[in-house]
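Remarks on the structure that follows.
Residue numbering begins at 1 within each chain, and the chains themselves are lettered A, B, C and D in the order written.
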Amino acid sequence: MSVSVRFRQAGSWLRSPNVAIGGAITVAFVAIALVSLVWTPYAAEAQNIPARLRPPDAVHWLGTDGLGRDILSMLMVGARTSIAVAFVAVSIAALIGVPIGLWAASRQGTLLDEVLMRANDLVFAFPALLIAILITAVFGPGAINAIIAVGIYTVPVFARLTRAGAIALWPREFILAARVSGKGAVRISLEHILPNILNTLVVQATIQFALGILAEAALAYVGLGVQPPMPSWGKMLADSQMLVSVAPHAALAPGITIFLMVLGVNLLGDGLRDALDPRTGS
Amino acid sequence: MISYTVGRLMSLAISLLLASLAIFLLLEVLPGDPAQFMLGLNATPEAVAKLRSALGLDAPLWTRYFDWLLGLLQGDLGTSYTYKVPISGLVIDRIGVSIPLAVFALLLSMLIAFPVGIIAATRRNSPTDVGIMAATQIGVALPNFWFAMLLVLVFAIGLRWFSAGGFPGWQDPVQALRSLVLPAVALALPQASILARVMRSALLDTLGEDYVRTARAKGLSRRQTLWRHALQNALIPVLTIVGLQFSFLLAGAIIIENVFYLPGLGRLVFQGITGRDLMVVKSVVMLLVFAVVVVTFLVDIAYAMVDPRLRRVAS
Amino acid sequence: MATLEITGLKLVIGSSTILKGIDLSVERGEVVGLIGESGSGKSLTALSIMQLLPPRSQVSGSVRLDGQELIGQPEPALNRLRGARIGMVFQEPMTALNPVRSIGAQIAEAIRIHRGGNQRTADAAALDLLDRVELRRAGVAPDRFPHELSGGQRQRVVIAMAIANGPDLLIADEPTTALDATTQAQILSLLDRLVDEDGMALLLISHDLGVVAQRADRMAIMRGGEILEQGPTLPLFRALKHPYSRALLAAARHEPRRPLQARSAAPPALEIADLVCTYKRRSRRVFDRSREFRAVDGVSLAIAQGESVGLVGESGCGKSTLARAVLGLEPVRGGQISLGGEVVSAGLGPSPAQRRQVQIVFQDPFGSFDPRQRVSTLVGEPLHLFGKAAPVGTDRRALVERALGDVGLAADAADRYIHEFSGGQRQRIAIARALLIRPKLIVLDEPVSALDVSVRAQILDLLTDLQQRLQLSYLFISHDLGVVRSITDRVLVMRHGRIVEQGQTARVFASPTDAYTGSLLAASPAIDAILMRRAT
Amino acid sequence: MKTFLAAAAIVGAFAAQLSAVPALAQVRTDVNIGLPLEPPSLDPTAEAAAAVDDVLYANVFEGLTRFAADGTIVPSLAKSWDISPDGLTYTFHLHAGITFHDGSSFDADDVKFSLDRINAADSLNAQKALYASIKAVTVVDPLTVKVDLSRPDGNLLYNLAWGDAVMVAPESAANNKVNPIGTGPFFFRDRIEGSTISLEKNQAYWGAPARLDSVIFKFIGDPTAAFAAIQAGDVDAFPYFPATEAIKQFENDPRFRVVVGSTEGETILAINNAKPPLDNVKVREAIAHAINRQDIIDGAMNGFGVPIGTFLSPANPAYVDLTALSAFDPARSKALLAEAGATDLTLSLKLPPVDGYARKGGEIIAQQLAAVGIKTQITNLEWAQWISEVFTGRDYDLTIISHVEPNDIGIFARDGYYFNYANAEFKRIISELDVTADPKRRTELLQAAQRNLAENYAAGFLFELAKVGVENAKLQGLWQNQPTPATDVTAVYWEP
């Protein structure tokens, strides 16, 4: 955590290969997801059972799945699901976790701080995937509940990180200066603390986003993600993994896609951290 | 030290009490009647009612909560609705798989991560470092269920070096360990990647510390400095991650347990949820939370052993 | 042959040239002082001798130890030299020791790495070394860990390691900068004694002219990677040739010219009666009430309108806590504070109106500004105290520019970010921020401690000038008696949360009544006093 | 990645051949059998789950009668029986010298105990209704037992063959849920919950002894894991292989044999007959014509399954092929919908957690219904939720389910059953069938019942669930068909 981060030009970020590659992959996936809103090669849910398990060719670039659906189209729409679930989950978690962290830090050492942080620890103590499964079992599977299940574990991450960052800042002299100017805790948290830990939070959000994509895939893999006919990567993987020797394209495509997306986002997060952190940056 | 420990334990007890309440209430709103589920499609309503009362499901909410809690305190986890056997017995069997698997995976993860992280840190920005960092990125990004499938494909189906899954029991320890190899590798690789990265950055941090320069000024070589001074300090953040990973591995391996059909704790709860064996779900989740809390506590104590600064605060 | 002989030493790191050809030598038993401000390259000269340079460094020239060339030596050979024939003491004792190993083990390691032998003999030798650096008589056992020791004690451990193998050359890089004045004097005396006893050569690196003037046989003045001039200490001081060297000395001697203040009849800007501030020391026991630590323990003082009062003490004496309590940044446990004649509410802290009467300038010119905001926002921040009545738009801008003008900065500074300014400029901006709302009292918390000598003089001049023009009152907090002497009317000496002595500045400096004040004064003499004493 | 896999597969195949060379010539006497579902507790007379019978039926527990591999009812513990002319009294003659696995002997007292236990007030027997006609059980002598009925029951011998009516001993019955004690050719050795159940040969068996010494049932629910387990040789046979997608691979592999058999599982698109507009027969008919059965069989079941047009297994001699009544005809479907005035329909489609027919089939059916203008709202449920929402709560429009119980056409006549098919004529047929013992009349009645369901489109009849098994090519003696849930290993042996 560093406060004395200097502003760097976007150009210098791009010079980091991690940011360039990771950013390119991430942007490509987001673009694909957006394109899928208006266009996919075929309708993602359109079945053509006689044409099932076709290997990749000029008609179906990535072949077809067990119901004769176009895998490329499904992956494109699946990108939308993955990105949307992970993005919304992480955003909501940040919107809840960051204020909690800021609040706890501004009351550091008080009972409130203690209670908030103990509650955080408690959430951490629950086995994550099991509770996600339990949540979907209680409220039924679907995108919203996948978001809740992924998000609930991300809240404490943000709360802890924010609190740690904010606590390091509170004794700093520029915060004292703001207090001398009569500013209250809320105002200082928003005007001075938040902007100065934003870098760290953005980097963490990126990493959580990647984890969110993996978590969504895992939930979908056990059948608790978005519901058919909406395609999702994890479900595609679960549906087709036995086919690995009959129709390897169907089994490998979703796995490689998940891998690439997570890799891209992680690289981006890593690169951003290096670029934004003066200790590791050049 | 003792009074400090007592204080910590009291706050742990309160946390656990809250956790038990959360679990209990969450399961109360879980739709689906266990009795109806167990009796199947052709059951008569009277049979269902009978089973409900036999399971104690018709008692009031708070009675059931306190009964359960009192049982837990006495070490009685209740009886499984499905298997009709005491849950403690089930849990002991599952722990015999889950803990060895978690320990195995964690050891593997450390065995890979420590040397790799150290090499990367000492050769910072060299091609070796860049290569290792790229490899860890791949390790982190691989969905472990997919990776597990590839492992099975190559090493179980293709090469037949290991069985594709299952657990033969501890009567034959060699076979038992063999059956845990692939799952442990599948679990360990992503964890090792994370741990290697943590190791590297922790080591880079300590290698930049003043006392490392002091050690070099004393005439220690780079290698001696690394082993005698940097590593012990770098272990402090690494320990945190190891603690978190152990907790994760203990209960978070459900999907891997499914892929390798291992009778582990995670799958026990998973089956409990789908089979509405609520007693198993609440007791085992509670046990897992307890385990995580205990591990965290042990990690705190391990800190004090590594770091004398904490030793004094704690005493 | 000189123990250390540096000729034409050049150092390039990456693409920037750090050292541009250094020639320097140190004889056996000689103390050579190397003087320079931050960035002059003096520390990297030391690291070049040790060959412990950052990656991507290219060294050329020659560094000889007893005639043996060090540059280009293979690592193993250098490892045999480091710690054995060259010992080094660093600036920051708080971080120079491995926190997780006992000090005895760390000293013993320095012995065993070079002399081998078993652990027992090394431990015995370590114990002797603790004795030599006077830690044993302070009751510091070898099984203690660094965090259990004070800064001065830690520095003694570092020195023990550096001299463990009886080196020919000892390099001390700012060995006392991070220490309090009294400790500083003790450490320097220790080094003196050890050099005498072992006949080592000592290269003493410092930014403090006083330290070098007091201890060095010869000295060299460095700037921008070059040695400007060098020679025997006393003659050189008398006949400094280079303009920079002379400016440096002038700055060290500098005292702002300040006419005597006319006492005003207005109520005192600040009045403190029996102030108590406490910290909770977190108890780890369950049923135990947490213990209190009295940082400020019954302090009373008053500052008249237009008066400048110094508050002096070593680190941990409570002076900063006192300052913060005045500003409402610390809870007050007992006693009362009055600002402009009005008592500050103990529960609520100062009202906005009271807050408008007092502002603060902090020590660290880097940490006192939010790096993400423009100077105009930063300087204008105290306007928040006016609430809705605060000026906006061009009015606000005009106020900010006036404040920047007050401290000698151009109006366009308002549009820049803080990292674009040097340390001295930042401190000016900090003063501008304090001035903006024209408070009656400004608390200056070590405002020049982090600055180089030459910059320090300018800031002190500025402060004096502002006080005259704007009829300000100052509460000037410092550990450095020299600074306080030049800028205050009265001075208070603080120790362990209490005021041990107070009086007119001139009187206190001339004839301190308290023994502690006396030792403080003795530990940090003015440079002319040093030179005079050494000349005789 | 693909090349890597291919390379690995080649290396693997090579290694497999190498390891095959030194294989012992000795014939194995053990077998590992994979099953997708794990039994909860182990008392078939107290558990509804078919998984219990899958492990214990015929192997550990035996009844008075039993199902043979071809689905016929044959004598088991009872070597013969007499039926009184009025059909109200059955007299069973037991084999002599039978003992339970704990050594206690089996005789008429045990029969009385077992049957009385089913009908006791506190009985938890899931199929209690099947034995409601039994009025009294009387011990005539140790090897003879008389069963009196309150009404003639044409299904009694059939029902007594079910796993729910196996014979248990009074000494051990209470403990059967954890330690099952029966009379079968294998006794229960141990179980690892969540993993395996092992059986061992009963040396004191009264009948033809088993050819295997030990049998281990492994429970592998995950299709991928099942695929891997049999490929890796961890499991020798999967009587119901859960990953039909991969069957092609096994067909082309000489190490394995694929066994396709029939089951008693009629897979249907169940329709809530009481819920408007589904109470309109035209709407139901429109749904029936919108469905392309072959596409579902191909897409969801990978081609395994026999289309049905009513609620009876095609293997049943009384089966009538009525698929033509609900032939795939989208145009007619649309016309019917227009006729019924049911345009712009949105129906809920709640699916139980069965990957193949329910989940995949659901996706296909949703698509087919969409083609004729019926929108569906798919909800995937767990079993517990499906039972409470659909089965008990009857809160659904459509669901896909396979009814695996044999000869269960009568469920359409039940009041308050989740189909809500309240058809007076059908009820009359079934009540007559229940009391008819004459085989010819029974066939007539069964056929009338089938027609009634098909003509009224009581449900969307899809296909008879196929039993697709994969076995080691050297393993012999497992059942091909699935007349009742069972994995009878009595006659299983290894070819040398």
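By our rule, contacts are C-beta pairs under 8 Å (C-beta built on N, C-alpha and C of every residue); 3 or more make two chains touch, one makes a residue touch a chain.
Just so we're clear, the structure is a prediction, and the values are computed from it rather than from any experiment.
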Checklist entry - In terms of C-beta pairs in contact, which of B-C and A-D ranks higher? => result B-C
Checklist entry - What is the distance in Å between the mean C-alpha positions of chain B and chain C? => result 49
Checklist outcome for this item: Taking each chain's centre as the mean of its CA atoms, chain A sits from chain D at a distance in Å of 44
Checklist entry - Between chain C and chain D, what's the gap in Å when you average each chain's C-alpha atoms? => result 86
Next on the checklist: Taking the mean of the CA coordinates per chain, how far is chain B from chain D in Å?
Outcome noted: 38
Checklist outcome for this item: So chain B residues touching two or more other chains come to 31, 149, 153, 258, 274
Item to check | Numbers and ranges of chain A residues touching at least 2 other chains | outcome: 137, 241, 244
Next on the checklist: Applying that definition of touch, give me each pair of chains that meets it.
Outcome noted: A-B, A-C, A-D, B-C, B-D
Checklist outcome for this item: Residue set of chain B touching chain C in the complex reads 3-4, 6-7, 10, 209-211, 213-222, 224, 228-229, 232-233, 306-309, 312-314
Next on the checklist: Help me check something: in the complex, which residues belonging to chain B touch chain D?
Outcome noted: 31-34, 36-44, 47, 50-51, 54, 81-85, 90, 93-94, 149-150, 152-154, 156-167, 169, 258-264, 267-268, 271, 274-276
Checklist entry - Mind pulling up the chain C residues that touch chain A in the complex? => result 324, 327-329, 352, 355, 359-360, 362-364, 366-372, 381-385, 417, 419, 433
Next on the checklist: Which stretch or stretches of chain B touch chain A in the complex?
Outcome noted: 11, 14-15, 18-19, 22, 26-27, 29-31, 137-138, 140-143, 145-146, 149, 153, 201, 204-205, 208, 247-248, 250-252, 254-255, 258, 266, 269-270, 273-274, 281, 285, 288-289, 292-293, 296
Checklist entry - Quick one: in the complex, what on chain D touches chain A? => result 1-2, 5, 9, 223-224, 227, 243, 245-246, 248-249, 295, 298-299, 302, 353, 359-360, 362-364, 366-367, 378-382, 385
